[in-house]
Structure formats: C-alpha cells, structure tokens
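Both complexes shown next keep chain A, but they swap its partner, so chain B is in the first and chain C is in the second.
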Partner chain A sequence: MQNLTITNWISIRSKEITKNGERLFQAQEDSFGKIMKEAYRHFKVGYPKFFKMDKLSKLGFLSAELLVRDLELPYPAEKMGVILQNGHTTLDTDTKHWESIADKDNYFPSPAVFVYTLPNVMIGEICIRQGWQGENTCYQLPHFDAQQLEQTVSVLFAEKKVDCCLAGWVDQNAEEYSAYVVLVEKNKDISKDNSSFISQNLEQLFK
Partner chain B sequence: MEALEQKLKQQIIEALNLEDIEPEDIESDAPLFGDGLGLDSIDALELIVLLEKHYGIKVEDPKEGKKIFESINTMAAYIKEHGKA
Partner chain C sequence: MPKPIYLCADNILSSLGLSTQENMDALYNQYSGIKCYNQLPFSQVPMCTSLINRQKIQEHFAALKTKEKYTHLEKMLLVSVQDALSQTSISANKADTLFVFSTTKGNINLLEESHDFEKERIFLWRTAEIISQHFNNTNTPITISNACISGVTAINTAASLLRAGQYKHAVIMGADIMSEFTPSGFQSFKAISSKPCKPFDQERDGITLGEAAGTIILSTETHTLANKGTMAYLGGASSNDANHISGPSRTGDGLYLAIKQALTQSGKTTNDIHLLSAHGTATVYNDEMESKAFDWAGLNQVPVNSLKGYWGHTLGAAGIIESIATCHSLLDNKTIATLGYSKHGVPKPLNIITKTAEQTMQCALKTASGFGGSNAAAVFQKL
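Coming up: the complex of A and B.
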C-alpha cells in the first residue's frame, strides 16, 4: 500500500486563484486573456515567454508556477512527473490555426500558433520552466475524472517512475476555463493541510 | 527609412507577442536574436511570415534569413530593396 499524499493544491476558475484553500487572487478583468495577464503581473512571474503561449498553456503554466512557488522539492528532475486531464485539448488554438489557413488567398499560418496545437505542449512549457524531466501525459476526457487520475499517478509511483507528481485538470476553450491541480508526494505526514491522494479527496477539494 | 523601422518594430512586437516592450525599447542596430530581444527559432519563422504577409517578400534561403534578421536596420534595408509595400 503506497502512502501518497496531496501536499499542495491549487484551483483557477471563475476569476479566482485558490491555493491550499486560501484565496490568493481575485481578478478585476473579465476576459480570460486579460485575467491571465493580470495574474502574471500580480504574482510578478517574470517569464516573458508566458506571453507567447496559447491560452491553455498559460493556464497550465500559471497553475504549476503558483503551486510549486516557494516549495522545496528535493527530487531529481527525472523523477518529477506531470499528469493532466483536459476536456477541449487545444481546440481554441486549433481553430485559430485553421482560420489562418482557411482562405487560400490569404494563407498565412503562424508558426507560433501552430506549435501550440497539442495539449502536451502545455506540459512542455511547465517542464521547461520548472526543469522537470519525468513522466508526463495529458489525457483528453469528457470531464475531470478523479479515479482515472488516482490510478494513473499511483501506477507511476508504484513503478518508481516518479517521486513527486503534479496532477490534475487544466481545461480551456474560448472564455471557459478551469484548472484543478495537486502536488502528490510520497510518505508525507497527513495533517490538516495534507490529505491522502485518493479520488474521494480530489473530488472533495475541487467540488 | 525611419518610418519603416518604426513600423517594423511595432509589427514585430505584435507578431511575436513581446509584452512589456515598446518600439522605443528596440534599438535599430541591436541584434534581434541572442542577446538582443532574446528571440528563438519559432520567432524566426514568424519573422519570415511577417515579411511575406506585410511586404510580399518570400525568404527561400534560411542562410539569407540570418543576415536579414540581424537587426531592425538590416530588415528595413532588405524590405527597401525587395519589398512590394
């Protein structure tokens, strides 16, 4: 029996960023793009490449950035995993790319848009920023599936593929967005701030 | 020429999403890649698209691109010589 623990968690939805149950940020802006920019400036992220990312990557990047900020994670880079779920994959960016090539007389596909037409690129942005090199995958599912997440991440720990894993749901399409992300570590004490990494607790955290 | 340089700076900022950078922050003779604006390979492709989209210039030879995109000045000079707009 593995002793896997949710040691930190974050959610970004409805203009709010909440970490470990505490509201960190309430956006003044209304549009998703402006909310991301407002949060980036508020938290003084200082990573100009952020602005070049597509919307989904911005959401995933900020979730990871704020989740692990100020944490000491004493794990080798190759043992840091990222397992995410997502409902719309990169539909928003796919559409943007399609629009740029739909008109044969005005055919200017943007390389900077095209490179974001895969949800795994979001994970790539997270890993580049954090220096993580472990197992990672983004699953496309109709909705957040706590059981699937628990099973997938547990297998990675059981097979000693990861020592620590960022896991959750990051989804965006047009102005709809939601991110629920946890940090899973092994053999940590269960306290009022930590809870067992089981699907019921995931559902409870992000209900 | 100066008007073209200004226009280019604005177009580059927009095309490459260079938030927090104003046209006046870009020196016309400073390198665009490396120590300059810190652009990457995807940005280089975007600059090629920018030339074609706004100035009707097709850069076929990647080696040529290295010289063209050295700085705002070199881009402007190339557009002057080869551009349709």
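Coming up: the complex of A and C.
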C-alpha cells in the first residue's frame, strides 16, 4: 500500500480562489478573462508570458502557480509530474482558430492561436514556469473524475516514475470554468484527516 | 525484467490499406501512401498528404450492420477496433476490459460543418464513449489528448493500469482525420513541406500530414494472442522539455529523459535495443533534437527509422500505428526503410535504415515528441 498524501489543494471557481480550505481571493470582475487578469495582478505573479496564453492555459497556469508558490519541493525535475483532466478540450481556442480560416476572403490563421488548440499545452506552460520535466498527460472526461485521477496518478508513483505530482481538473469554455488541483507527495504525514490521496477525499475537498 | 504485457492483436487503417498486413506489405516494399494534390477541399494551397479511402471505410462500416449514425472518424475507429477484436478471444463487453482512446482533435470537422449530431459530439471523451458503448463496454474509457505523443502515452497508460491489476485487457485505439483545421494551423507555422517529407535528410523542410486510425489490444494473459509470435510491452515513460510550447528542446534533454526512464522501467539498457522507431517528423528542429537525444542516450549505432514518409504525420494515430509496425518488424525480422532520407542532415550520426533487410531483432524502442514540450518512449520485446 502506497502512502500518498494530498499535501496542498486549490480550487478556482465562481470568482473564488480557495487554497487548503482557505479563501485566498474573491474577484471583483465578472468576465473570465478579466478575473484571470485581476488574480494575476493581485498575486503579483510577474510572468508577462501569461498574457500570451489562451484562457485554458491561464487557468491551469494560475492554479499551479498559486498551489506551489512558497513551497519547497526537494524533488528532481524529472520526477515532478503533471496530470490534468479536462472536459471541453480547447473548444474556445478551436473556435477562434476556425473563425480565422472560415472566411476565405479574410483568411488569417495564426501560429500563436493554433498552438493552444492542444489541451496539453497548458501542461507545457506549467512545466516551463516550474521547471518540471516528469510525466505529463492530459486526460479528457465529461467531468472531474476523482476515481480516474486516483487510478492514473497512483500507478505513476507505484512505478517510481514520479516523486511528486500536480494533479487535477482544469476546464474552461467561454465563461464557464473550474479548476480543482492537488499536490500529491509520497510518505508525507501531515496528520490531517482526509489527506490521503484517494478518490473519496478528492471528492470531499472539491464538493 | 518487469512482468510483460502481451500485444494480442492490432489493426492499422491508413492510405496503405485497412489491415496491418496490407500496411506492412507496403512498408516492406517501400511504397508510400503520400500523394501530392494541386487542389484539396481542405487546403488553400497545393498539398501532399496521406488520405484514407473513404469509400472503403464506408464498405467495411456497412458490414458492421449498425443502425446508429456515426461520423467519419468514429467509422474509422469502429472498423479498426472490430478488426483487431475479431483476431482475439477477448470479450470487449467484460468489466475487465478497458478502452483507451488517443487523439489530438477527434471530431474537429464538426466545428466546420453543419450537422445534426448532439453538441457534445465534438468532445474527445464523447468519441471514446461512443466507441466503447458500441462494443457494450461499461467502463469509463480513458481518453488522452497529448499532442503528438498521445499514441505512445495511451499505450504506456493502458499497460500501467493492466500491470497494476486494474484491468486484464485494454483496447487502445487512436485516430485523427484531415479537415481544414489542422493543415491551416501547421501552414501558419510554415511547418508543412511542399513535397513528401524527408525525415533526417539534409533537404528536409517540414512535415507531411496524414490521416489514420489504429488499434492495439494489450492483455495480461497469453491465451488471447492472435499475433504470429509473442510480443510484449515492457515499459515506457513520458517527459517534458520545460522549454518551449511549440519548439523542441535545443539539447534533446526532454526526450533523453523519457528514453532513460523507459529503459529503466523495462529493465533494459541501450545495448539491448535492436531497433529504434523515431518520431522523425522532418521539421528542421525536431529531427535535429532527436539526433541529439539519441546520441546522448548512446543509440547512434542502433538501426533507426521514421515512418512519416509512408503515412505522413498521423498525429493521434501516429504513436499507435508506428508501434504496431515496429512490433511486426521485430516479429518478421525485417527492417523498414526511412522513406525520403538520402543525405544525412542532422548534427549527430545515426544508423538510419535505408532499405528493407532481413535482420534478427528482439527488442525495440519507440519514441515521440510534440507540442507542449512533451516526449514519450516505450520498449517492446519479442519473447
């Protein structure tokens, strides 16, 4: 039996950012784009590349950034994994790319848009920022699936492919968005109830 | 060596045919499925590409005698999975069988056309549901969209879950189709060659896109085997460059890490590898990066090929169909040439296969790299 612990968790939904059970931020703005910008400024992220990202990547990036900032993670880069689930894939950006090619008299596909039509690019953005080089996979599901997350992340620990893994659900489509992300570490007893990395606890945390 | 996971059956559906055998015959005869067109409904410019014969898919699909309505991509998957399943004794409808789907864009053409499918039909998880439900499987399928490493990652993920005892069998299917969406994007990157792609060649100047589907059935049990010999999956891994979202690493460090971890997982060293199936997209930077990673891993002497000159880059199907071809190459003890390669054009020396030849081989390494800085590797062995 592996001893895997959820050491930190974060959620971004309904204009609120909550970390480890504590509300960190409540947005004044209403639109998703403006909420992201407001949060970026509030937390003084200082990473101008953020503004080049598409909406999904911004949400994934910010979740990871706020989850691990101020943490000391003494693991080799190649043992840091990122496993994310997503439901609407990159439909928002896909539509933007399609609009740039649909009208043949106004045809302007852009590499800066097209690159974000792959959902795992948000994982790339997280890895670049954090310098992580381990296992990385983007799974597609109709909704946050705690059971599949537990399955797919646990095997990576069991096979010793990761020592630490950022895992969760990051989804966005137009004005709908939700991020439920945890940090999973091995042999870390933080003596809190419900901190064991099992699907029931994941469901409880993000109820 | 870790407990082997057996490759029971497979199917490749491409411009070169609708069965693995037809495809292997074409590969051994160095026959390419890439054709150059002055005009195509989905491209603004002349384009070379590898297209599936839709008429043939329709015929095979009709033989399934289903009343439901399916998209072109779903028909490809149904035909491919059905062919692979028909070779084994595995019951797709049992709770110990898992469906795994690899794709980059799935039914993306539904964004471009008017249609009467439900609006969820464009989502990738929905495609996996549609297919697994057709085969009466009630498990939640696993769907992976991880750019060009999706196929190799799907195999790695499925095998890990089988090894962990979660399931006994996995039906791993991959597909992507040609529509306006993808070529226009790669054209905007100026990443598409005006000629059939030339992996690792001095004159390489970009990719050729292609459409394909493929299915691999993995099992923990030997009695399910349909193949002419016993092939096993040993281990694999993925990694990230943590460098750039669209450009490959300048040093090859990410791919090197994936190779190193895949070998560790398999209990193998570079000396055990007899065949290397590269990603080899034929962009200037990708092939350069791969040569550095292979050099770093000590794989310079290992016979290596890229199969992109036959099928083009088939995106979500690539890792699956290229792994299948690599396994059959081991079973047949026959190497597959790198079509399009003539003059060495990457910074590090590589032992690139230039013609079909009889050769005794046991163990192969498959690699892939893609957007988002992702890399993956997997090791297969003939038992």
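Note that the second predicted complex is superposed on the first by the 204 of 207 C-alpha atoms of A that agree within 3 Å, B and C clash if a C-alpha of one lies under 4 Å from a C-alpha of the other, contacts with A are read in each partner's own complex, and residues count from 1 in each chain.
Definition applied: a contact is a pair of C-beta atoms (placed from the backbone, for glycine too) under 8 Å apart; a residue touches a chain by one contact, two chains touch by 3 or more.
Every value quoted in this text rests on a predicted model; they were computed, and no experiment measured them.
Within the superposed three-chain model, A:132 lies in touch with chain C and out of touch with chain B [touch as defined at top]. Once the two complexes are overlaid on the shared chain, A:101 sits against chain C while remaining clear of chain B.
Of the two partner chains, chain B is the only one touched by A:37; chain C is not. By the document's definition of touching, of the two partners only chain B reaches A:48; chain C does not. Using the contact criterion defined above for the overlaid structures, shared-chain residue A:155 touches chain C, although it does not reach chain B. Of the two partner chains placed by the overlay, chain B and chain C both lie in contact with A:110. In the superposed model, A:120 makes contact with chain C only, not with chain B.
Of the two partner chains, neither chain B nor chain C is touched by A:181. Within the superposed three-chain arrangement, the count of touched residues of chain A is higher for C, of the candidates chain B and chain C. Taken together, the two structures place residues 109-111, 115 of chain A in contact with chain B in one case and with chain C in the other.
Considering their complex, residues 44, 104-106, 108, 111-112, 120, 122-126, 128, 140, 142-147, 153, 157, 160-161, 163-164, 166, 180-181, 184-189, 237-246, 253-254, 257, 261, 265, 370-374 of chain C touch chain A. On the side of chain A, the complex with chain B involves touching residues 37, 48, 51-52, 108-112, 115. Per the touch definition, chain A reaches chain C in the complex via residues 77-78, 82, 87-89, 91, 94-95, 97-98, 101-102, 104, 107, 109-111, 114-115, 117-125, 127-128, 130-142, 145, 147-148, 151-152, 154-156, 158-159, 161.
Contact residues of chain B toward chain A in the complex are 15-20, 38, 42-43, 45-46, 49, 52-53.
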